[in-house]
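In the two assemblies presented below, chain A is common to both, partnered first by chain B and then by chain C.
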Partner chain A sequence: MSITSLPFLLFFAATLGIYYILPKRYQWVGLFVFSIAFFHFSAADYTILYAVMAVLVTTLCAGRIAKAKTEGNSRSAKRWLALGLVVNLGILATLKYSNFVIRNVNFAATLAGKPTDIPQLDLLAPLGISFYTMSVVGYLLDVYWGICPAQTNLVKTALFVGYWPQLTSGPIARYNEVREQLYTEHKFDSRQIALGMQRMLWGIFKKLVISARLAVVVDTIYGDTVTYGGYYIWLAAVLFMFQLYTDFSGCMDIILGASECYGIRLPENFRTPFFSRSVQEYWQRWHITLGAWLKDYILYPVLRSRAWKDMTKWIKAHWGKKAAKQIPSILGMLCVWLLMGLWHGGSWNYVLGMGVWFWFLIAAAQVLEPVFKKAIALLKVNTECFSWHLFQSLRVFALAMIGNMFFRLNGFMKTLRVIKAGLFPDNPEIFFDGSLFKLGLDGPNFILMVVSLFVLLIVSLLQEKGSVREQIARQNLPFRWIIWYGLIFGILIFGMYGPGYNAADFIYQGF
Partner chain B sequence: MSRTEIYEKLTAVFQDVFDDDGIEINDSTTAADIEDWDSLTHIMLLSAVEDEFGIKFDMKAVQGLKDVGAMVNLIGELLA
Partner chain C sequence: MRTLYKIVKTAVFTLLLIILFRVFTNILINKGTFDEGNQYQLRMKEFYDEVPGTLDAVYIGASHVYTYWQAPIAWNSDGIAVFPFSSGSQPVTAIPFLIEEVKKTQPQALIIVNINQITATDTDANTVHWLADTIPFSKNKWNMIKSLYETGDGDDAPDILEYFFPMIRFHSRWNELTKQDIHFNQSDGLKGACYFSDFFKKEVDVSQNYEKVDLNKRVSLSQYGCVALENILNYCDAEKVNILFVIVPQFTGDERRTAQYNSAQDYIESRGYTVLNLTQQTGDLGLDITQDYLDLVGKHLNIHGAIKFTNYLADYLVDHYGFENKRGGNPMYASWDEAGHLYSEMIEPYLTKGELDYGEYGAGDS
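Entry: the complex of A and B
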């Protein structure tokens, strides 16, 4: 069930009605039942068994870890933690990464001159497994570290794992962030529901009006890079950045808005990432909950591990203080970025394009920082003016764009070939001779796409100043009506949901 | 160890980690006040503090420390 479809809106309206009719102490049970129903409408029923297994093991392990901790038995706590992590990550690895391993084993065997032909597996993963597994692993570690209490109620754990809004594309919530909200009683609050619905509306606009149009152009160009070379390649690369952003952040607006209507605030996943001034900052503003998860549960433990501390001491003794500051942290980040790439999918284009590429950019920025600082001082660059900020943001955009080409083009060598087809472009005329209107969108639709990107820019600039919905709420009634009715009619008239366009495909939904 | 003594040692650790002899810290100093204090240097800082004072922070502390005042209090507790 796509979250921009009519059946979804009916499902949501029905659940919202039931939620506020239910006796308040049973509201959380209602959310649990809605989540099961959402799973049923959105995925193959039997795959829920994997999620059930995750819930059973997590509840058992979290309870045992907490018990062992209170008894001061740290060995037992460690064992239960290990069991919980192995089972949860094992299910994820088996379902999502078996074929990656099999393909590489076959490839390595061929290289070694002893070809094998291990057949690939045809396993179907449950909806949202990459997202809920992260939540569950974080939860088990938090219980182990004493950061949050253990939830011993099986159904309550199941709601935390499978709360339906998070099943489509995250965000990856921490138990501490949602535990009070999920199980508590929520009063009907019309203002909060209106705000939630407004956010959903904006998300639907982003997806159906902006992202869907961008997708047509991007698909046309990337579908035939022999015909569409030179500047077309870069046009598609730029537009895909906006497509991915409006698709994923639009999905988050719908999800967070829907959850807000239940009175439950999920963590934000985006903060106007294109205004970032460094690649590091970009990842603090793009898919925020995944970056924060990797930082807290991978980077910190790795850097604080005995092995890393010993390595730091060794480097300090042999190569000096400066190297001891840089090398361990850069190697720690490599672990994080390899996992970031792998999380996106078991394929080298993700590992290298989404992982190693961004690691290289951030590590290079760290190592070369003194050089950049000197150059800026030497050239007397004013770093606190608009033009410098703009230059920095455009630089980040261009670098992230290269990484996202690997993400979109599904194939490492293929991406390199496409980049090659875009090098030394010699067709600037395409921007003036009407060629752009032959990429799947006619003139009016192409212009509408450009205009809607301007709307996105204006909203993003306003977002920098705080909640846009709150800013609109402070305006007079006629103006507020113009805005919200404009958005509704904008979606109804310009939304692309007719035949030939599959609104079901949210880019991050497959994860 | 008194808070003043902790502060003396801690200031030296900060100056060493951030390579800046001019750094001065107080109870309300946070990551926002020191330019290079990001998530990576945070971990390096905590490791340096652990080595200097011969203590070990748990992950709860690593994720939860709000400002230098909280860090000094925690060091005091761990040394007690």
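Entry: the complex of A and C
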């Protein structure tokens, strides 16, 4: 069920109606039933068994961990934690990374002169497995660390794992963030529902009006990089950044808006990432819940581990204090970024483009920070003015763009070939001779795409000053209604949907 | 009090939303080729503007209706009000529903059904839109769409929702809108008469198709045609519809088509209904097949042929159904007088002297 389809919206409307008609103490049961129904309509029914297994194991392990902790039996707690992690991560790894391993084993065997041909597996992963596995793993660790209590009610755990709005594409919710909201009673609040729906509309607008148009141009260029070389490559790279952002953040707006209508606020996943002034900040604003998860559940545990502490001591003794401060954290970050890449897909282009590339940028920024500071002082650069901030944001945009090219173009070598085709461009005329209008969008549609990107920029600027919806809510009724109607009819008229248009799957839907 | 305010606010918001939705839908739907004056949806829409209970007959069918029957000419010549309730490639499977639609406002009217489209084998999505997008929402429309959807387009069938909400299909027309799209609701006042440029200017010799076909052959209709015809006749039986079936003269050189018309005629007559089969006829109509058609396939008449056909059918209707002449200042028919006057003026430059003979009445003398 596509998140922008009419069936999705009808499903949402129907469940919302039922939710507020239900006796309040059964609202959470309603959510659980809606989630099962959503799973049924959106994925192969049998794949729910994987999710059921995750729920059973998680409930059992969390309960046992909490019990063992109460009894002071940390060894038992550790065992139950290990079991929970192995089962959950095992299911994820088997379903999503088996073929990655098989391909690499075959490749390594060929290199070693003993070619093998282990056949790839045709496994179907359940909806949202990458997202709910992260949530579940975080939950088990939180229970183990005593950060949150264990949920012993199987159905309540199932609701946490499979809460339907976040099944498609996250965000990766923490149990502590949602447990009160999921199971508590919610009063009908028209203002809250209006705000939630407004956010959904904005998300649909971003997806159907902006992202879908950008996709046409990007697909045209990347579909034929022999014809479309030089500046076309960079145009596609820039537009893909916006496509990915509007697609993913648009989806988040729909999910968070829908959830808000139920009275459940899920964590934010985006905070105007293109205004970031460093790559590190970019990842604090882009896919926030994934970055935070990796930081809390991978980076910090790794840095606090005995092995790492021993390594830090060794480095300090042999290479000095400064190295001991930087090298362990850089290596810890490497673990995080390798996982970040792998999470995006079992392929080296993800590992290198979405993982190692960003790790390299952040590590380089950390190592070279004193050099940059000296250069800024030497050149007397004013770092507190708009132009410097703009330069920083553009720099981050360009660097992230390279990483995202690996994400978009399937294949590491292919991406390098495309980048090569864009080097030393000699076709600046494409920006003036109407060539841009031959990239799958006619003139009016191309102009609409540019205008809608400006709308996105204005909204993003307003977002930097606070909630845009709150700002709109403070306006007089006619203005608010104009915004509502503008959004609704903007989507209905300018959205790319209906016959003759095959809506591309949500880019992050396969995760 | 606060709750009441919220309810009222929500109701007003929803009402405005529905109004705006209808306005935008009307602007965006495809109405035909304006630059050629071929607004095939307008004549469907204008049917609903007719004063209830005033029409002598309603002529249902596809382009074989509106390129043949010019209602203002018949009004000028015989004072009869026969409105063409027709749309491009109108599916025959829709006919019972269209008759039902006519009965809502013109229950006294004779139903004339053109069945040249009976040779079709499928219902195309566009033809459903041309038809359904102009009919006001009702249970009958709902049933019609459901029926057309079930018989149409096979695997290529679009989502049925687009027939109820045509914006789904036509929203992408926003970048090709013209002034006429925005002023679509303004009637042209011509009672469904044709006025696209080819209709006035083009003269094609289709005589090469003549005599190629055996006029007496019979061949069975397609499954689609059979079912459609059976449904129409069953409906007429059940509702006791006063109906005349018409097959207009076509010179397509397609023997199979002619044979199918003959078979359809046989079957309809066997069920006790009248068929005016004018296939491959020139005689009484006075058609000159070297210059009265506008397309080489001989399916559509130009203005010269249309005048002859209209005069022939008008006389036939007066003779067989006793329609009275309603000209002479009856305020109920003021719009018909106006249409007659307007259309005469419009076609005059394209006609030869004496081509338009209104007999005892002169054009626009009402």
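Operating definition for what follows: the second predicted complex is superposed on the first by the 509 of 511 C-alpha atoms of A that agree within 3 Å, B and C clash if a C-alpha of one lies under 4 Å from a C-alpha of the other, contacts with A are read in each partner's own complex, and residues count from 1 in each chain.
Note that a residue touches a chain if its C-beta (ideal position, glycine included) is under 8 Å from a C-beta of that chain, and two chains touch if they have at least 3 such contacts.
Note that the coordinates shown come from a computational prediction; the quantities given were computed from them, not determined experimentally.
> So in the superposed three-chain picture, is A:329 touching just chain B, just chain C, both, or none of them (first/second/both/neither)?
Once the two structures are laid over each other on A, A:329 reaches chain B alone.
> So in the superposed three-chain picture, is A:370 touching just chain B, just chain C, both, or none of them (first/second/both/neither)?
In the superposition, A:370 touches no partner, neither chain B nor chain C.
> Name the contact category of A:296: first (chain B only), second (chain C only), both, or neither.
first
> Look at A:304 in the shared chain and tell me whether it touches chain B only, chain C only, both, or neither; answer first, second, both or neither.
First partner only, chain B.
> Scan A:145 for contacts with chain B and chain C and give back first, second, both or neither.
A:145 sits against chain B, while chain C stays out of touch.
> Which of the residues in chain A end up touching chain B in this complex?
The touching residues are 141, 145-147, 280, 295-296, 299-301, 303-304, 309, 312, 325, 329, 332-333.
> Can you tell me which positions in chain B touch chain A when the two form their complex?
38-40, 43-44, 46-47, 58-60, 62-64
> Can you list the chain A residues touching chain C in their complex?
Contact set of chain A toward chain C: 6, 190, 442, 444-445, 448, 477, 481, 484-485, 488-489, 492-501.
> Across the complex, what residues on chain C touch chain A?
6, 9-10, 13, 16-17, 20-21, 24, 28, 125, 158-159, 161-162, 167-169, 171-172, 174-175
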